[in-house]
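Below are the structure tokens for one structure; questions will follow.
By letter and in written order, the chains are A, B and C; residue numbering begins at 1 in each of them.
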Amino acid sequence: MKPHRAGLLLASGSALALLVAACGGSSSSAPQHAASQVFTYDTTAPVMDDGWDPATEYSDGIIAMSNMYETLTRYNAVTHKIDPLLATSWSKSADGLTWTFHLRQGVHFHTGRPMTAQAAKAALMRTIKLGGGAAYVFSAVKTISTPDASTLVFHLKYAAPVDLAASAAYSAYIYDTQAPGGGSLAKWLNAPHDSGTGPYTVQTWNKGQEFEVILKAYPGYWGGWNGPHYKKVVFRVVSQDSTSAQLLRSGQVTFVEQVSPSVWQSFKGDPGIRTVSAPSWQNLLAQINSKTLDLKLRQAISYGINYPGIIAALHGAAVPSSGLIPDGLFGHSTDLPNYTYDPAKAAQMLKQAGYGPGGKPLNLTLTYTQGDSNEQVVATLLKSSLAKLNIDLRTQSLAWPTQWAKAKSSDSTNHQSIFLEYWWPDFADPSTWFTNLLLTEHPPYYNLSYYSNPALDKQINKVDELTATDPTAGSQLYHAMQVEVLQEAPLQALYNVNYQYAMRNSFTGFVSNPAYAGVVFVHNLKPTG
Amino acid sequence: MIEAPSTLPTGGARLPRGQTLRRGLAANPLLVVGGLLSALIVLIALLAPLLAPFPGDAGTATHPFLVLRPPSAQHWFGTDNVGRDVYSRVLYGARISPLIAVAVLAIACAVGIPLGVAAGYFGGWLDEVIMRVTDIFLAFPPLLFALALAAVLPASITTVIIVIALTWWPWYTRLVRGQAASVAGRPYIDSCRALGISRRRIIFRHILPNSITPLIVQVSLDVGGVILTVSALSFLGLGAQDPTPDWGLMVAEGQNYFLTSWWVVTFPGIAILVTAFAFTLLGDGLRDLMDPKRIFLR
Amino acid sequence: MIVYVARRVALAVLVVAGVIVLTFVIAHLVPGDPAATWAGPHASAAQVAAARRYLGLDRPAAVQLLGYFGGILAGNWGLSIHTHRPVLSDLAAVAPASLELVTVALIIALVVAVPLGLVSARWPGRAGDQAIRAGSILGVSMPIFCLALILQLVFAQRLHLLPVAGEYSPGLLFSHPLTRVTGFGLIDAPLTGNWPMFGSILSHMLLPAVVIAAYPAGLLTRMVRAQVLDTVGDAHIQMVRALGFGERAVFGRFAMKLAWNPVAAAVALVFAYSLVNTFLVEAIFDWPGLGSYATASITSLDTPAILGVTLFIALVYVAANLAVDIFQAAIDPRIRLR
């Protein structure tokens, strides 16, 4: 074709494209009326990979589930008290072995059935029986009785704070076990369906896709829908920080769970965006392989980690930690023999074992979770500071399921030397750092330092009951355990996470609650935009 | 790497000499630019330890208190997310990508030339077999085959070299085979055979030298392509691992900070672009220089 | 003609068979024991042995290959580890979005390349030609993931001209949901009269398509220029000139017509090449196609999915080659007489 004709075609073609783009594009840049009723939560990894069963969910799924399901009580991080939710009041007997909960009236499951004490009991018993997730929070429970339709009584084997357990982020949901009629509940739930009492119910699940989960309002919610509320909740999986930032700036997402610190800083000054910095109960752990690395090596490695460097590099996303238990939880202590960055001491300890600068090189592997830029920075800094000690640390980034499967594999030659992961409590109680990470496990599940210390096991199994009956003694035991763990160095808490949330300021009512990591209770928000 | 080998007349393909060369160069400013740029990059690669202000940053050194600093007098290209000097790392990166490219193309030639000459000279069933096998390998776009292999093998520079070389050799086999077949069919080769000259002498003195010239051009054109493939594999995490200052890896690591710290991605990206551009320009110019038609058209 | 087509098809079948064998070989290069992976992390030795029998890994390699072959032809391409779905159904779900994207990219590339190549060939050696040649070499030298990041930053974030990421704007999920008929958004939307969705998809597609078009545009410009320059010296072009046609007609009508043949061949090849380039671009724009699926498979070490994608694209490549060969033979009788 003639060049000038081609040029004309080119010009008209691009004009047409731009015109169409303008029509289509305008619907994405200017917020529509319908859009202000939709709360879009931007997360970096898929939310419902663990399945749809509220009894066994033990991962990021609570971000969505906490809007579909509810618990008997909820922990209030501002007042440090336990608030009523599905239970309106409760009391315990003098010896602490009997807890009586009075349930809220007029609550219905999304299946239409009313929430009665029998239904609540059935849910809790199923959760306890399945034993998955954080079901251990109810390990003190012997039996549950239902004297009438709105009273739930827990009979315990030993004293334990049931109100706190009932507020757990995992495995404490109340759901309708009769949902599928006669069939398997697990299958029905994974269809997906939900049988919760919460303000939202599942509308769609696009597994493996960007708009992963869509929730819609449940009209019969006991909390009601008076006043401005979000009618839909969308969970959008966006793996890249820069994309999330741009989506937030253009208003296409409402809330961003996590971005790198520098991107978070760049939001300040943007009139449409609100940044929230809040403490968390989450820390980053380096679990050191106790089977392949003996005590001296573990301690040397612990001295070879550049703690202040890591915190500086993370620009406000990290604060120094003391011991295993984060600040704000029972048992936290600043009076502990924490490790400092002491390369000279580390070199000396390594030399005694024949390693270190001038000695044999030590070859280690580290795995961390793919998609987390902070973990990548930490891994690089670890590699760098250990390289100075003649330790060659090979770092590998893997998708979380792959990272975890590799650590749990029955072929122990496949196990990493250092496992990087975040840890946070299932409920407002510090025992999880010990029961999940340090109890002897065959085969390994979360004890990915493969550590076994029978004396410590005894202490761990005792501490819950002790805390319930004698808090001072409990606090002392936690202190002793933390000292032991520091000296044995099967794992190190590298830092405590500082939440850096970013959201549109088109709504009010957001409160960061460290007891429910990453959860936004959307019904409590009031859209203003 | 999609381009079919150039439509060079096989007979007179030789590098021009003397005056013709100078005239050819003057007519081809792009070749001059390409040549100079390529030479500059090689020079930088050789002198990197002397030019880099922070040579340790190309290794395991980090500076956690200097992360993500913008370009300044102390750090010309700024610092990355663990405080390493981007300028030093970009300079050292000039050693990696071109070196990988040289290794890859050397292997590809080492495999492709003998196979191509054998197929072209002997013909018959040997030719058929070699060509069919080549066809099968050529059914994969280069990056794809390299990717599939790299995804199943442990990620490292060695893997990258092997994997890309495996993808590249078929092109050269085909190119050399075409040339060898054409030369082998010429009357004077028959004369050689009639005179009783040994097969080995015929292959090494006559077939081989005449088949390789277009290959030289193709190789210089391909350096750019290999560098792009290497950087793509590194970007996907399948190539060099941290802390190796591979340009593609630097872009991959920096993309999360791109919004607030544009320098972490931009400078390695420009390095990839300039290097690929320079060598492709060089190859393009070389091809033009050797094409007799081109000279007449001026 | 029939003989030619038959020979070409037979060759293509042979190549496909070889491709399948090659992917089998790659699959077995994976370090580690697939039986152990299948049996899970808590399996005992007996369970792993049972898994090995179940997966047929205890049979000789040749038998395994035959089984693999049969499986591929029957449509069993394995189970994806990260989506837990059959790889073939995953591919069917994600391929349309990428095929759409690459098609639009190639259209953009042709619209740019043909006029530029013609201009370059019309006045060879001049400043314009040098600039266009430099520009086209720039196009093929550009690291595509850098271009994607830069364009996204400039056009979406700084200038707010185009959307940042995704396939369509999220509000439309509720107001104008798209009913999938063919799986291709650009076809389904107008088919169901959903014009807002059509516009949204097009505007979201523009940036990634431009990025992917860079390499083909550069390549095709060079091709058009080379081919036109080649034919312009030919005898029949001399005759066209002798007949009195102006230079514009010589280049536009006659030379370009002859150049189409090799250019069409190049388009087919670069289609498959661009499909692979989507791996580097789709994740940046959150475009839900083959590229995003491939990158997700790579990061989760999902070997069946990676090989499925590889096989799929190789098949597309072979099919495209075959189609172009037959098309060329149909148009140009000299080819099939060779």
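Methods note: contacts are C-beta pairs under 8 Å (C-beta built on N, C-alpha and C of every residue); 3 or more make two chains touch, one makes a residue touch a chain.
Bear in mind that the values here come from a model prediction, so they are computed numbers and not experimental data.
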Please name the chain that ends up farthest from chain A once chain centres are defined by their CA atoms averaged. B
Of A-C and A-B, the pair with more C-beta contacts is A-C
Per-chain Cα centroid nearest the overall protein Cα centroid belongs to chain C
Chain B to chain C, mean C-alpha position gap in Å, rounds to 23
Roughly how far is chain A from chain C, centre to centre by C-alpha average, rounded to an integer in Å? 39
Find the geometric centre of each of chain A and chain B from their Cα atoms only, then give the gap between the two centres in Å, rounded to an integer. 47
Shared interface positions of chain C, touching two or more other chains: 149, 153, 157, 284, 299, 301
Shared-interface residues of chain A (touching two or more other chains) are 240, 242, 245-246, 397
Send over the residues of chain B in touch with two or more other chains. 237, 255, 258-259
Inside the complex, what are the residues of chain B that reach chain A? 59-62, 64-65, 67-68, 81-83, 237, 241-243, 253, 255-261
Of all residues in chain C, those that touch chain B in their complex: 11, 14-16, 18-19, 21-23, 26-27, 29-31, 124-125, 130, 133-134, 137-138, 140-146, 149-150, 153, 157, 219, 222-223, 226, 230, 233, 262, 266, 269-270, 272-273, 275-277, 279-280, 284, 294-295, 297-299, 301, 303, 306-307, 310, 313-314, 317-318, 321
Which of the residues in chain C end up touching chain A in this complex? 32, 36, 41-44, 82-83, 111-112, 114-115, 118-119, 122, 149, 152-153, 156-157, 160-175, 196, 198-204, 206, 248-249, 251-253, 256, 283-286, 288, 296, 299-301
Per the touch rule, the chain B residues reaching chain C in their complex are 2-4, 7, 27, 29-30, 132-133, 135-137, 139-145, 147-149, 151-154, 224, 228, 231-232, 235-238, 248, 251-252, 255, 258-259, 262, 265-266, 269, 272-273, 276-277, 280-281, 284, 293, 297-298
Help me check something: in the complex, which residues belonging to chain A touch chain C? 1-3, 5-7, 9-10, 13, 17, 20-25, 27-29, 31-32, 34-35, 38, 40, 207-211, 214, 232, 234, 236, 238-240, 242-243, 245-247, 249-250, 252, 370-371, 397-399, 401-402, 405, 408-411, 414, 443
